[in-house]
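When the chains are written out, they are named A, B and C in that same order, and each has its own residue count from 1.
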Amino acid sequence: MRGRRESLLFFISLGLFSPFLQANARGVTDQLGRSVQLVDQPTRIVATAPSLAELVADFVGADLKRLVGVTEYSDHPPRLKQVTSVGPYHQLNLEKIRSLKPDLVLATTDGNSKDQIDHLIEIGLPVVVVSTRSFEEIAIAMQTVGASLGESEAGKRMASQFVTGVQRIRERAKSRTEQPRVLLQVGEDPLVVAGGASFLNQTVAVLGARNVYADSEFPYPRPSLEDVVSRNPEVILIFTLGADVKPNLASLKHWSEMKRLAATQKGNLHIIQGDSVVRPTLRLLEGLGLLERAIFGETQATKKQKSEKAASGK
Amino acid sequence: MSDSSLAYGIYGLSYSYRNAATSKAALKEVQFEVEEGSFVALLGPNGSGKSTLLKLISGVLPLSRRQVEGQVRCKGEDLFRLHPGARACRLTYVPADLNVDFPLTAQEAVLMGRSNAVGSVFDRGGEADRKRVEWAMRECQCWELRERDLRELSSGERQLVALARALAYGAKNLLIDESLSRMDLHHQAILGSLLKRLCLENRYSIILVAHDWNLATEWADHCVLLRDGQVLAHGRCEEVLTSSRLEQLYPNAPVYISKHPETGKPRVYFYQR
Amino acid sequence: MSAPNRSPYFWMILGLLLGGASFFLALQVGSVPDADWEIIRDLRLPRALLAAGVGMGLAIAGATLQSVFSNPLCEPYTLGISSGAALGSVLGASLGLELNFAGLALPAFVGAVAVTVILFLVSFRSGTTTLSLLLVGVMLSFLGSSLVAVWMALADSNGIQGAMVWLMGTLSRARIEGAVFTLVGALFWGLMIWRRWREMDALLLGEEGAASLGISVAPARRYLILVSSFLVGLCVSGGGMIGFVGLMIPHFLRRKVGSLHFFLIPACGIWGATSLVLADTLARTLLRPYDLPVGVVTALVGAPAFVFLLLGESRYRVGGAS
């Protein structure tokens, strides 16, 4: 019941929100509550984080010329590599951004520091700031970015697609009885996990699983091995953010040697390509699916196998 | 000993250290007077308070009312009521050595002695000051060293510069703290005659602390013996430096006193039995 | 070996000319080849002005501290005063004490003074050597930097990288109001220090040497160290922890202009400003489009020079208080 009420609230807030997005002749309200004056169709866009670059790419599609500046390591989709770099996302090169004469600069509170954002605003650039700390905020961010690009309809479509997708996942979660304990490992040496204040924690909660470190106030705590053992996770997910999986394999091996863990006993040790799980784009739905299969998939597959075996009478 | 020829006088001066674990005082009831034109040797064993006395009366030691009792009077003024700058003008302390870690020429060091006596922020000393600096350095036999970096000079040469600085500063009452101990004999002799001349001709008064007793007594006409912060005796050298006094000062060291054949000044010999 | 001929006026005029040239260069050069006037006005001009102010302030503060402690190896960074100022700034920021023009200069000043009080207590007891003074400074520096890092990590998870950069000294956050404030402040406090050139000269020869010339040593030291702390607070709140400017500029200039502060202080101001403007230009252009923290440039040049200095000083007596 809670889920249905949530999604209702969601659609209501979307509806309430839309007037603001269309109100003044091209005044857009960003997620910090600021009203920003923009041109109808921005053609010189700078994205100050890889996630934003991906989002913009989704909107503009083939018309990538509209994106004139991205940060380092904006590599998804791969064609972004051709776009001019404005430096790393935590130390933007303001001269570079300025020289590109953007008519829209997209920034995010999840990646750019407040001081950087303030500086961008102070030198007179049209900055729209989004916030993507929760699923609700991601939906709003999608609409905000869409509106900023002059693609309000596309933005709303994307947001509702997103909301529907998340809704479906929530429904599935409700239909399940089990709530496995999951360890979300994001760092190898030292061991770093996703705690209660991280976004990963929310994704796992949506799936109906329980993050063993949900009680931590920090986003990325560093527990001791003993602590992990005492919490006895049933599933261990090792997230990788790059192409190099060697350290992750080492971790995998390490866990598999610890026979006391429930996850090891059940064989629930998985490496997850972490990119799709943290980007605030539609790809997140794929990522959620990936996580779902990793956490629950085994059980269902085994069930299927068992029923097939039973059926074939072996 | 009329008052007009008195340079300054110390009356009932007592001083104790701030963090005295015991209540041992550094100086107890020190009292003596110094006349213009006199050369006083301040003598005593280590730790008897000689340096402390000189630093205190010249203002080099920072004062606090709780630590000090007594007075120092100079030409009718109570020195302790004066600003340290004014005090240094009356009684100039010449340190045993100058701490140098910076590139500074000897002349610059002596010039400081003048520039601290002058006025506004922009006044770096005029021709008269430079002349005085030259005079002071020539008298102290260090004019040839004027362009040399202080760090390269021997400690004896630095002592010459310290003395020149005090002379340039202008006060007529000098308090010299072991400043002659590291000079070679040649320089010592020249300085000795310089100081005597300043006393006799220019009415300077000098207190000299020196470990070489015979050096001190050779030049000095008066003597002050200090032990444990107290004045054991003061007066003319011949009267003060007797065997019995010295035995009181150094009970374990036999001493023999004779007269210098030419000058008649007392000469002190410590020996081993 | 005699002391080299000192020509203070020549070196000051040379410094001014070089300063003008480097300022001009700073405006012309950057990450972008053809910058329009807006970029120059909004980004490069504030940055160059801030560099000039911070460089001036740090060099003068360094010369002053060297005189106060009678020690040529002192400067705000190595004595830990910079990190005290940094800690003050960071705490001030989280308490919301940031002002419009002055920024975080006041909380930074408080932090700087806290460290100088500790240094005062340590240093002016009898028997303190150069070594112990510098060791205390280094420890305070480590402590301060670590506390800054911890605080920023707790306060803002995005801020930690920014904190790291700031701890190494950066002028990339220059705004025109803050830059002008810093420059004017550095000029003003520099002047206030310069007025005491006699006391600073006298202190060069140690406590007794100064007192024998009638200087009230303790009040003079207190004043000079207080004003230096204000300068350090001003500079650190504007540009983070930039090291070695306060050490190298006075040291270099003493050989050219002499140790007497009538000339040394203005010369330090001029050359300090010039060298930091140049260092910042280098920091911006060395690894385009990356913006190196300017403290990295000063450290790369300054730290080896510092070691060289240390070895050179051992020719003379070192290690004793007067």
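Keep in mind that, in the parts below, a contact is a pair of C-beta atoms (placed from the backbone, for glycine too) under 8 Å apart; a residue touches a chain by one contact, two chains touch by 3 or more.
Predicted model, so just to flag it, every value in this text is computed and none were measured.
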- Message: Edges wherever two chains touch, nodes for the chains themselves; is that graph a line, a ring, a star, complete, or other here?
- Response: line
- Query: Based on Cα centres, what is the most central chain?
  - Reply: C
- Message: Can you tell me which chain lies farthest from subunit A, using the average of the Cα atoms as each chain's centre?
- Response: B
- Whole-angstrom distance, CA centroid of subunit B to CA centroid of subunit C, is 41
- Message: Between subunit A and subunit B, what distance separates the C-alpha centroids? Give it in angstrom.
- Response: 82
- Note on the structure: Separation of the C-alpha centres, subunit A versus subunit C, in whole Å, is 44
- Task: Would you mind writing out the residues of subunit C in touch with subunit B in their complex?
- Result: 1-3, 66, 70-72, 195, 197-198, 201-202, 204-206, 208-209, 211-218, 254-255, 258-260, 262, 313, 316-318, 320-322
- Residue set of subunit C touching subunit A in the complex reads 30-32, 35-36, 38-39, 42-44, 156-159, 161-162, 165, 172-173, 175, 289-291
- Message: Give the list of subunit B residues in touch with subunit C in this complex.
- Response: 55, 58-62, 83-89, 92-95, 98-105, 108-109, 112-113, 115-116, 121, 124, 147-149, 151-152, 162, 165-166, 169
- Within their complex, state which residues of subunit A touch subunit C. 85-88, 90-91, 93-96, 98-99, 109-116, 119, 122-124, 219-220
